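Each of the next two complexes has chain A plus one more chain, namely chain B in the first and chain C in the second.
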Partner chain A sequence: MKNLIFEATKYTPEINLDAKGIISLVGKSYPENTFEFYKPMIKWLEEYFEVNEFGTTTINMEIIYFNSSSSKLFFDFFDLLEENCEKHTITVNWIYDGENVSAQEAGEDFIEDFESLKIKLVEK
Partner chain B sequence: MNINHIQHMVEEDGIVFLSYGGFLSQELISGMTEALEKEAQYNDLKMNISNNIFIIFIELSQNMMNYSKTKDLTNRDIKPEGLILVSKDIKGNYFIDSQNIVAIEDKDKIEPRLQEIESLDKEGIKKRYRELRKNGKNTHGKGGGIGFYEIAKKCTKIEYKFKEINKNKFYFHVKAHIATYEDVE
Partner chain C sequence: MIIHENRLIHEIEILQESFAKTTTKLIKDVKRQDKIMARSDKRQQQEYDELQRKFAEVEALQKEIEDTQKEVVFTMGAIGESRSKETGNHVKRVAEYSKIFALHYGLEEKEAEMLKQASPMHDIGKIAIPDAILNKPGRFNENERKIMDTHAQLGYDMLNVSDRPILKMAAIVAYEHHEKWNGTGYPNQRKGEEIHIYGRITALADVFDALGSSRIYKEAWSDERIFKIFKEERGEHFDPKLIDIFFDNLDEFLSVRDNLRDVTD
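Showing the complex of A and B:
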């Protein structure tokens, strides 16, 4: 499988999809058409989990701030991860700045919403 | 229009540092957000407060951009434009106002959500936000379902008003208050 990289823009994060099992999203997220923007990433992930039913994947997410449609998208993203986390070992690192209370709370909410998914809060 | 008139308004009504009335685009919204980031830096705002300001600004302006795109034959004149205003008082509290024209169909969608938000406390809003995010298959759409809950989560107070223009069109005004003191909930 090919790796996929999206450079950051003013309103979208840098996305790095490495088929070796490291995925990262870093930056801000408030695209105009959130679902259109993240579609290739979701498609890549679906294919990735199809090819790698078993395996180990680490996801590093460091989103400084994000709009409500990105919040919904991340929810669906975690949903997809949770569907695959029984066979595939998945760890999500939710990385945030200690001063960024909203980002911390958002991470805590995701942990509660996805009980079987391993989401770790990582304060920078 | 005399520019001094606007200057006077700006000075009278607190220190307005960003206002815009016209067509909105994603590029413009992100440019204005960058200007807000500079403002936050300059005023040494706490990261949490400044992020809340950015998100409220983004939600309101993206809403405006999206709702105004709901065009049908009877509302051909509703353009992706409106007024967006960021101001602050002498204490340093911030206010974000947005006003645009919405069609009655959109008013009927927006109003019940805002009424619900008004009836809830902060914890209730957070809870409802998560419920809607979890259940909402329809929250994908433009002008999505959880946007106002996002704003309500991140501000100290939200006010809104619909003012009738004719039976199909309304001015829709939202005002979000953001207290800069963290102990104020």
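Showing the complex of A and C:
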């Protein structure tokens, strides 16, 4: 399976989808059409979990700013992770700056909503 | 009697289960959506507060910069004047007269205000004139006069190195405030509208104030005498349009003079 990389833009984060099991999203997320933007990523992940039913994956998310549709998308993204986390070992590192209260709260929300998913809050 | 359970019931039960699943998911989705909205509202509020704070900060900084600039520019003008035997509120009056001329001439408020701030720097070049010449009590000889007259070019050279619009404007003022409408001024003997309007305005504002002020070496001229010479010099020393503006709006000029009268007068 091919790796997929998106360079960061003014409105979108850098996304690095490494088939070896490391996935990272770093930057800001407030694109005009959020779902359109993340479609290739979601498609890649669905395929990834199909191919790698068992395995270990670490997801590093360091999103310093995001709009509400990105927030919705991250919930969907975590849904997808949760669906696969029984067989596949998944660790999510939600990385945030100590001064960025919004980012911290978002991380806490994800932990609350996805009980079976291993989400770690990592303060920079 | 055996009653066979209606097959429909089974189907309905399947439906019921699926319906329960769907509604549970719907409820979860709606809750999630509400959460996102609430978070989003909270975030927007914080962001907007922050934005307003930042804007206020930028505005305060901008004001600080503008005030500092005004002060520096005014001080530079005062330094120039301190070396040209002018005293008291001369700089302030010339500034105000210049703005009145500019507005009646048809310049925009912003440009007129800038000229008000720039015009006091017209004599800044005098800081480079040797004291022996500058403070000479009697009349200048030809050589001294030549040196004295270089203050226009000197002022221009000092100010024109800046990219700041106000200093660029001041450079023009310094350069051309001794040019005369009929081409007999200095340093370039420019004529008529070849002389920038900033130069023409400051020339008239400066002379009006200098004539009307008393100095150690001279009495203040009477208004009649000033008005007479202005009429004679209309189209000669001075831009005729500006002389007309002066007489048409005399009250405005005189009220500035009254308000900014020198204490020693």
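Assume the second predicted complex is superposed on the first by the 124 of 124 C-alpha atoms of A that agree within 3 Å, B and C clash if a C-alpha of one lies under 4 Å from a C-alpha of the other, contacts with A are read in each partner's own complex, and residues count from 1 in each chain.
Convention: contacts are C-beta pairs under 8 Å (C-beta built on N, C-alpha and C of every residue); 3 or more make two chains touch, one makes a residue touch a chain.
These figures come from a predicted structure and were not determined experimentally.
J.: A:106 contacts which: chain B (first), chain C (second), both, neither?
T.: second
J.: Just chain B (first), just chain C (second), both, or neither: which does A:72 touch?
T.: Both partners, chain B and chain C.
J.: Considering only the touch criterion stated at the top, classify A:120 as touching first (chain B), second (chain C), both, or neither.
T.: neither
J.: Pick one for A:97: touches chain B only (first), chain C only (second), both, or neither.
T.: In the superposition, A:97 contacts chain B only.
J.: Between chain B and chain C, point out the one touching more chain A residues.
T.: Comparing chain B with chain C, the partner touching more chain A residues is B.
J.: Intersection of chain A residues contacting chain B with those contacting chain C?
T.: Overlap of chain B and chain C footprints on chain A: residues 67-68, 71-72, 75, 101-102, 109, 113.
J.: Which chain C residues qualify as touching chain A in the complex?
T.: Listed in rising order, the residues of chain C that touch chain A are 32-33, 35-37, 39-40, 43, 46.
J.: What residues of chain A sit close enough to touch chain C in their complex?
T.: Where chain A meets chain C, its residues are 67-68, 71-72, 75, 101-102, 105-106, 109, 113.
J.: Under the stated contact criterion, what part of chain A meets chain B in this complex?
T.: 10-11, 30-33, 35, 64-69, 71-72, 75, 97, 99-103, 109, 113
J.: For chain B, which residues are in contact with chain A within the complex?
T.: By the definition above, chain B touches chain A via 26, 29-31, 33-34, 46-48, 51-52, 54-55, 58-59, 62, 65, 126, 130, 133-134, 136, 139-140, 142, 144, 146-147, 149-150, 154.
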